[in-house]
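Mind having a look at this structure? Questions to follow.
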């Protein structure tokens, strides 16, 4: 049975899963080199579910009245002239060190079964076959209470057993190894890929399938993952975007359809 | 022979000695609980000798176009609305730690032969007979290349052999003890009191008479100092204020005569 | 459901003096903003005194004044951490001096670097902050919050100051919107760092401005509402202290306070100070009642004009 | 004599590109301000490339872009310290990637906390700054400027990052007066800390404004002239990068740069990139010559309008 072709994109599905997980008393920080999905998720939550959520953009406003998404996240923010205030270089340093924000979003060139992320090197770091973009801010995976992973390709090159280089620590070697290493923040709480939703099993901290997007099969997920996922007996279907969510996304947040046209998935 | 009564005040004499010692490439910081003499000295230098000297006020402007002196140093600064810029709490912390400024002015309730200053306790610090005002910023005696001492009373209660409590380190126990203790800044370079001008002998770092104000005798200085000063064979007279200096002071900087009416001296 | 959620408006953070007082309890660590006698949340200070709060630990700017001296005078204070506590050209802080000399309060002798360094440690999520600028001072010998240590790089010992994290910061700004986005006319001194280092922030302001005004010029916001628990609208709320560019300090009132304190402390007869406290601290029922007692609109207009003209009369 | 001294005017800090270049030498440590492709002193970058400076160490904001990739392309760079080096939605930095993969430049892998922490150490006069925020990252294993240590307070090991002190910072602001007092229309990102940590600061600005304008609103000054060695007036000096609120980045130009770089690096035929460098870096004799080559006043007017309207066309 081939799953039905949905009338929304995989990126829109990812966005709504994240948006529903955010809380009204969160202090959100959005930014990073890839802004599309985090930007849309935070804006969707702010508009539909969390009117009091404080939003800090890395470039560099507090609670801006954001205009629609632009391909450039930094420009999207810059085009928005109204805000509660601005944040300085000092603020960014302090907020990062202190774990003041509630969450951040990360993607990566590799991620592994314990949620560790590589943005730097494929192969030996001294002479890598691929030099990735690097990370502006590692801190947001170390100090805040939680962080989210949003790989935009779900395949065996991206989902590996062990990353070649830990740019962003997840649960390190699993179990209580993150806690033992003295990392302050909680670690990755949720990973949403173009195929499914994943969390991390409480004790082992291994990645576990939580739900399967409407048009995807469990087999497809297993076949495209380079390590053994924890698969529950009856993995539910991911709740698709509601009409309200889609309307808000398409009319207000992403009218030019960036989320519908995104390259990626497998 | 009684020295002639001069047509300028002891405070004006102190101010001009300091003003002449400042340099065009200095970064001046003025402030502290007692601002009158430092304020006038820096403004006099800036107006007559050092047009490019950068002036930072602790409350909190860079190169303000200052109005005339007010009894309150902080209000004097506040009344001046024009400036190159403002300095933040971060700047003050950093500038203090780094020794970025060239000099600062301090007075005290006691100072000793090595230029150590007490602003805190007379007697045992646990149950003092006098609790002094304390210090807003000790750093300016520790990190900058030099600092100035401006005791406004020259008597044996103020000029003591050893201070009861070192608030502001001078040369500690003399010799190279300041250097050995790892203090970054140069230490007190000049002490000007209502009676004379003093520096610190190169090797021993003991206080040395440099010049005697016009209306004062060496004996008067010795009689009012609670420790043995180094007295050179022929201590010259302090060069009194020039007509230009007095005109600038009285017409522009201190038109209400704060420096002429100051309580203090002995 | 989602549209309902969407229709909820953003929560206002405006509160009354009483609301703000409900956040202040015995034995708390309270930090005041401002500097010397500038930008002090004086009316909140009087309200705390009136509530008979006890056992407070106080810090704030390295140069404190009226706010701490008054709370010491009414016996609300267990410990102060401060650099200079005084009234600048108006003289020393009488109640603070006496309390130290009698040993009735505990003091942690500090200065700018030890206090701000302590706040910065908290703000940066570290247990201490390195400073070098009090080497050679006897403060190193007597302060429990500093020590020398050998750093991981460099040969010289440096000083570590322990993290300071007040339970609540009480700040006075010139204006804020109802969400607590605060603007200062002039220098905020150390208010930003104090706000960041404190678990909660109470803000008193001379004026409430519209959020639209704030949003149109986000670069003017000094303390974002994000950090603020409550905003209390208190016109002339800094009196007898100064509120930058709004009104000067009330020199005559401060002189009266200092003189009465000195009289009471010297003579051992507490009547002059008691009279002050009764009239200005315990009896006033509101900020407006207080303002009437200190000269009302006529006096406030004068203090505003003096600030505007930049001179004393 | 005294009146003579008094009559000397305050020294102007205005200089030419040539004057500024005289401060840049082989093997220097140069820091660039801005963030991503915002507020880059691009014309000074091209001037440095044209001068054939060699052996530079570069750092700046944790998110670098055009300025570093171009200097790597011309072989001016020995070492970079950076977090992300790329062009955001336009793609990765081609010359940087290739240089790392070939091992022709040295990289110190960093991020916001390690770079800003390093600058803050210098700014605070200490040999290192404590950070905690890279624990668990393999950066700790490979970066020579960080290490774990046991702090004087607290039980957990924390990370120390060594002080970073660039020889010269090259910043682009929207406007400054002739004494170097610089104002930014929007966020200065990390420019203040970079300026403070650097031994000298060179500032390029789109506009020179009068000192009177600066003096009337001192709260708007972001980098005080006090710290600035030289101000160079370069209208559209950030092109092809963005200058906040003045003009957007030239997307087509940046795409062309990236594409030509990729072609040259992939094919091993350096012609496309050489052509770019000849036309835009080596041949232009002035900022105006350069601007004519990239579309002149018509193109600049368009980039200004796009910023003003807040959309792409």
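For clarity, chains are labelled A, B, C and D in written order, and residue numbers in each chain start from 1.
We adopt the following convention: contacts are C-beta pairs under 8 Å (C-beta built on N, C-alpha and C of every residue); 3 or more make two chains touch, one makes a residue touch a chain.
The shown structure was predicted, so the numbers you read here are calculated from the model rather than taken from an experiment.
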How many hops, at fewest, get you from chain A to chain B via touching chains?
-> 2
For the chain pairs A-C and B-C, which is connected through the larger number of C-beta pairs in contact?
-> B-C
Most remote chain relative to chain B, going by C-alpha centroids?
-> A
Would you mind pulling out the distance in Å between where the CA atoms of chain B average out and where those of chain C do?
-> 29
Note: chain D sits from chain B at a C-alpha centroid distance in Å of 41
Flagged in chain B as touching 2+ other chains are 61, 81, 86-87, 90, 93, 97, 143, 184
Multi-partner residues of chain D (at least 2 other chains) = 124-126, 131-133, 186, 219
If each chain is a dot and touching chains are joined, what shape do you get: line, ring, star, complete or other?
-> other
What are all the chain pairs that meet the touch criterion?
-> A-C, A-D, B-C, B-D, C-D
In the complex of these two chains, what residues of chain C are touching chain D?
-> 124-133, 147, 149, 151-154, 158, 160, 162-163, 186, 219
Within the complex, which stretch of chain A touches chain C?
-> 27, 47-52, 54, 56, 61-65, 81-87, 93-94, 97-99, 143, 184, 242, 244-245
Residue set of chain B touching chain C in the complex reads 33, 59-61, 67, 70-75, 78-81, 86-90, 92-93, 96-97, 119-120, 125-139, 141-143, 165-169, 172, 178, 181-184
State the interface residues of chain C toward chain A in the complex, per the touch definition above.
-> 2-3, 5-6, 8-11, 122-126, 179, 181, 196, 214-216, 218-219, 221-222, 224-226
Within the complex, chain A is touched by chain D residues 35-36, 38, 62-63, 82-86, 88-89, 92-93, 96-97, 100-101, 103, 109, 111-113, 116-117, 120, 131-139, 142, 156-157, 186-193, 242, 244, 248-249, 310-312
